[in-house]
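The data blocks that follow each hold one structure.
You will see chain A twice below: alongside chain B first, and alongside chain C after that.
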Partner chain A sequence: MSRADPGAARQMPAKRVGLWRSVRASNPVGYLFTLPYVIFFTIFTAYPLGFAFFLTVHDWNIVRTERPFVGARNYERLFSDELFWQALLNTGVFLAVHIPLQIVIALLLSVVLNQQIRARGFFRVAFFLPFVTSGAIISLVWLRLYADDGLLNAYLSLVGLGPVGWLSDPNVAMTSIAVMATWKNVGYYLMIFLAALQAIPDQLYEEAYLNGATAWQRFAHITFPLLNPAFILVVILSTIGGFSLFVEPFVMTGGGPLDSTLSLVLYLYQQAFQFLRMGYAAAIGVVLALMIFLVTVIQRRYLEREVGY
Partner chain B sequence: MIRVLAALGAVLAIASAGAQTTLTFWPSSNPEEIMFATQIVEEWNAANPAVQIRMQPLPASRSTEEVLLAAIAARTTPDVAANIYPGAISQFVDARGLYEHDSLPDFMPFMTERSGEGVVGLYTHPSGHVFQIPWKANPVMFAYNVTLLAEAGIDPADLATYSGFLAAARTVHEHWGGAKHLYAPTVDVTWWQRFFDFYTLYIAASGGETLLAADGSVAFDGEAGQEVFEFLATLFREGLSPKGQTAQNRFFAGTALIEQAGPFTMPFYERNAPEGFEFALIPPPVPDRRAGEDVYTYGDPKNIAIFSNTRHPEASWDFIRFVLSPENDARFMRITGQIPYRLGMEEDPLFADILEARPNLQPFLRQNAFTRGVDDTPHLIEIFTAISREYEAAVVQGARTPEEGLRRAAQRARDIISGFY
Partner chain C sequence: MRGSLSRRLEGWPALARAALFYGLLLAAALTFLFPFLFMVSTSIKGPRELYSMNLVPQEPTLDHYRALFTQIPIGRALFNSALVYGLQTVSVLVLSSIVGYALARLRFFGREFVFNVILLTMMIPGQLLLIPLYLLIVRFGWTDSYQGLIVPGMVSAFGIFMFRQHFLTIPQELIDAARVDGASDLTILFRIIWPLSIPVLITVGVLTFMGGWNDFLWPAIVNRDIDFQTLTQMVTLYGIGGQAGGQVGAIMASTLVAVMPMIVVYLVFQRYYLQGIASTGVKG
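What follows is the complex of A and B.
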């Protein structure tokens, strides 16, 4: 399995030089066919994106017609706003719990569900169901599980353990939300791992088996390395998903207790749609997008390995 | 000949259709208010063929304010909407969404005759114009569980002051070994939750002050604000009120003996209270220094307004006068159990049978003379959010002292008003 094609790499510079020439030489009717997408992209992606950058240097309350220019004030305010830093820290806590937990559970479940076990189809569907269920509804159900007099604490009391403030203890609340988010999303990542597992040729395992490799050695030296592209995908997707944490704290805690579950997107929402500070909210959005971009680049750089057998 | 007649008929039909005015009216979307709106619109349409009303309940959303603001931004507002929260009026005026009601014929006399001279000052915008018509109020009081309070040996009159209230809370705690609480205020940090605990108690403690002084400066960190923060913090600090969330209704389950209630909660009580559940109403507690005085409370007012993009302001005004007529105010109270902003209802024979049928409304009606709304500022939600954060930190969690929490909330509010945030 080889990912890089040296021939293609050699051709790249030549292609770039000739781009304009090839545009001029190509059939103009072709551009007509791309028009629907170009229009769609302009209206729904390019314009909103450009407008978001425009807003970051303006003060606007969404209904007023005036939009005074404020220069870098929204960004200055951002860096001196303790709540922004708190939200960033909280999002970091969420990611630190959510991503490793998600990967470990999804990987374990995918390996199990890749075996010939009974009711395999049922389990695959069962794990996937929470992912396609509305986040708001799941949050409302878990709100009852996590209540101080809810089901979880009722079970704990059966074994003589004291009630835990799942959502009312500031030291526990974000972890509780991360566990719930893992339960909700694990089915999706499980499917990605499962698809990647099924793409690994059986003869590799047979050959290793014949050469005396143990089950653990087969996992560590064949399965795990060959899952690397899926692994990268899962890490990146769950990082992006984690940075956009919103529904769960919005429904379950409103950002409390003591701002411990205030996520960046929840803070952005409050600024935009409760306080109508569109410029400031756009600045938070731009900084958030930059952070996701940087983290993703770093992850790719350190996690991506080229593996081929 | 037939053709000529047909053409004449068509011309007449078009002409009469042109003479008909259609107004759009958005009432609140709860079942009782829709029933009220349906009845009055049917009656109006039957009596006024030239001005027809199209009724459409407010589109569903988290709040009426968000819907109306979105409609103003998109220029899709109705001619008339009911159930508008006065705290949002400033934002709507800022967005040039509302009609200058004071330019309507007989507006001021109508408003003062129905609701008293006091409403003029209360609802005049800083620009000198009036952009809303007072409609109804929902004075917030405290409902207590008659049976359990008696079982603990507590006289409801003792709950009138902070010292009596705290003593009763300790009694309840000891009597049931911590399994029941006198009062379990919500720990939800959503901004509007503070209307019903901090803000209600603040209005009571200050003798009817709101968060901002007349000149728009922050005033809630004075003596009254400190007393309220300290009072509530004591309840949580001593374990007399629970810090956690619950999946059940504590008041009905009997684990909280008292809770805030308004006329709007009465239909909920009627439908959901367990068999034999007995409750009664009292005004909010006040600091001991105010014992014996009239107690003010939060009025949770909701108003009616005409929007600026209407093409028929005078027809809209005629319709509103019909909605606010004595007969329709009585009908409103009969259907919804809420209280119209009208003087003299206790003596008015139109209301006598309603009050007899709904004895629970009597205390609210008496309390109605002593209510306050909210300040007219576009920063209201942000200020309440700031208060709610510090309420949680200083009152519920005890992460800082009540004085420090209140000081920080007030400072944040000052920064918000000055444009720092």
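What follows is the complex of A and C.
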């Protein structure tokens, strides 16, 4: 920041001249122009953030006027709530299928699209189209494809397989949703990888080729290490996306069968808007946010590699 | 990486290699497009072939669209979505670029602090704020209204970030020259900087509009009244609720109506949009 505007630091040696002098030396238009954000932030971010924690220590039912303070009881209940653990486990299943699948497909397609191929525009549109459509809407389409008497099973029966209970078998349903979510999002991750691939200098490949490196060696020792930042980004973004899973199970399964597709956000939604337990739902939100934060910090620590060529 | 895949098949005749490569790629692309083909085809299939495996309708009909338009006020929902997310997008572009301009181009004490707050808020997961924001909207009396949909999205931290980063790259001489001519900061922003920021404006605008248009959760929480339902919300409820009575043709027609505007927006703006999301991804 100061690199872009070295004058700012020199003009405002805040520690020496004191706060008031620094403010007086400032451009008042700066404050005026920042005001929309400050107002918006106060009402729609800071206040709800504080209110979220306030809610979690109260028994806040929206139809009752009495909202007693309950201390940590919402959190205690959460940890002994079997459905919460089930939802957490389901989210784990989703992530375990979704992230590897996402990375492999996105990486493969980005390497292909990075070559000089014909009709690249068409292929790019085909892979990207699902990403621009609404998850809720497109889930209605997959609901029909995945139905027990749906098209997927009809095609399977042609080759003498199935039928598979894509959404009706508790052992399969979450995987089906993870596959659909991969189809929906892979275009976005493909673009991230593609941008990173295009930033790798061709010269590196040429040198490796002249030194006799095979295509696989070139991928393993040049492409993959240099894609590390993009790789981390994809892992983190799809982890956040996985923890936020809501609309696909909401539309396709309602969390069933046997709670096998109940996601954390779907559970939060049910607690808030079916059972009207706002305090409890807010506690789920707080724990969810903490988990996202922790998991992404851990991922960053274990995946980050220093690369330099 | 160029050519490395095809080099793995060295020894094959060039034509066979190309056929295999494009055959696989085309199969992958068609797999990705398949749900859309199913959507379009089912929405115009006649009643006797609705469940057939054939994707090409033998008795094409527009009956499902007629049924759809008589069963739900989908025109109203289309209008609501266009109005709500159109206004929201204009607001994000104007307000976020004003804030972004201040953070990039004006010197004032506390500027870095505000910028760091913005970076931090971009990391807050939406689910954390969902319940308190909903209760806030209830307290404002904004449930079943346009305000409840528009106002919480009028300023975007992401938009401010994008604008600030881009505005830092505008040459200072242009701004100085305008100032000498007596231009105010607003004039500089909207007359000098905006015309030089078209790709960023399009990226932020399209992402804001698309994010709103495709959202189901927020409208579903704050709106029950059918008069204020957005298109995505109404079509989703139509598909999962009893209203469609399991008419798969009408449901597919409704989903096509709901996703079509976003496909058009994407195809029109894809050049800017793809550059934009790829760069935000890598830098963010």
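Points worth noting:
Throughout what follows, the second predicted complex is superposed on the first by the 272 of 309 C-alpha atoms of A that agree within 3 Å, B and C clash if a C-alpha of one lies under 4 Å from a C-alpha of the other, contacts with A are read in each partner's own complex, and residues count from 1 in each chain.
Definition applied: a residue touches a chain if its C-beta (ideal position, glycine included) is under 8 Å from a C-beta of that chain, and two chains touch if they have at least 3 such contacts.
None of these values were measured; they are calculated from a predicted model.
The larger set of touched chain A residues comes from C, when the choice is between chain B and chain C.
Contacts of A:A25 after superposition on the shared chain: chain C is touched, whereas chain B is not.
Of the two partner chains, chain C is the only one touched by A:S244; chain B is not.
By the document's definition of touching, of the two partners only chain B reaches A:V63; chain C does not. By the touch criterion defined above, A:D149 reaches both chain B and chain C. By the touch criterion defined above, A:A126 reaches chain C but does not reach chain B.
Of the two partner chains placed by superposition, only chain B is touched by A:P170; chain C is not. Once the two complexes are overlaid on the shared chain, A:A215 sits against chain C while remaining clear of chain B. Within the superposed three-chain model, A:F273 lies in touch with chain B and with chain C [touch as defined at top]. Of the two partner chains, chain C is the only one touched by A:A281; chain B is not. On chain A, the patch touched by chain B and the patch touched by chain C overlap at residues 62, 143-144, 149, 273.
Residues 66, 69, 72-73, 91, 94-95, 97, 187-191, 242-248, 378-379, 381-382, 385, 389, 392-393, 396-397, 399, 421 of chain B are the ones touching chain A in the complex.
Within the complex formed with chain A, the chain C residues making contact are 1-8, 21-22, 25, 28-30, 32-33, 35-36, 38-39, 42, 51, 53, 95, 98-99, 101-104, 106-112, 114-115, 117-118, 121, 123-136, 138, 151-152, 154-155, 157, 160, 168, 185, 210, 213-217, 221, 232-233, 235-236, 239-240, 248, 251-252, 255, 258-259, 262-263, 265-267, 270, 274, 277-279, 281-282, 284. Contacts from chain A toward chain C in the complex involve residues 1, 4-5, 7-8, 11-12, 14, 19, 22-23, 25-31, 33-34, 36-38, 40-41, 43-45, 47-49, 51-52, 55, 62, 109, 111-112, 114-118, 122-130, 132-138, 140-145, 149, 151, 154-155, 158, 183, 188, 191-192, 194-197, 199-200, 202, 205, 215-216, 218-219, 223, 229-230, 233, 237, 240, 243-244, 246-247, 250-251, 264-265, 268-269, 272-273, 278, 281-282, 285-286, 288-289, 292-293. By the touch criterion stated above, chain A contacts chain B in their complex at residues 61-64, 77, 81, 143-144, 147-150, 163, 165, 167-168, 170, 253-259, 270, 273-277.
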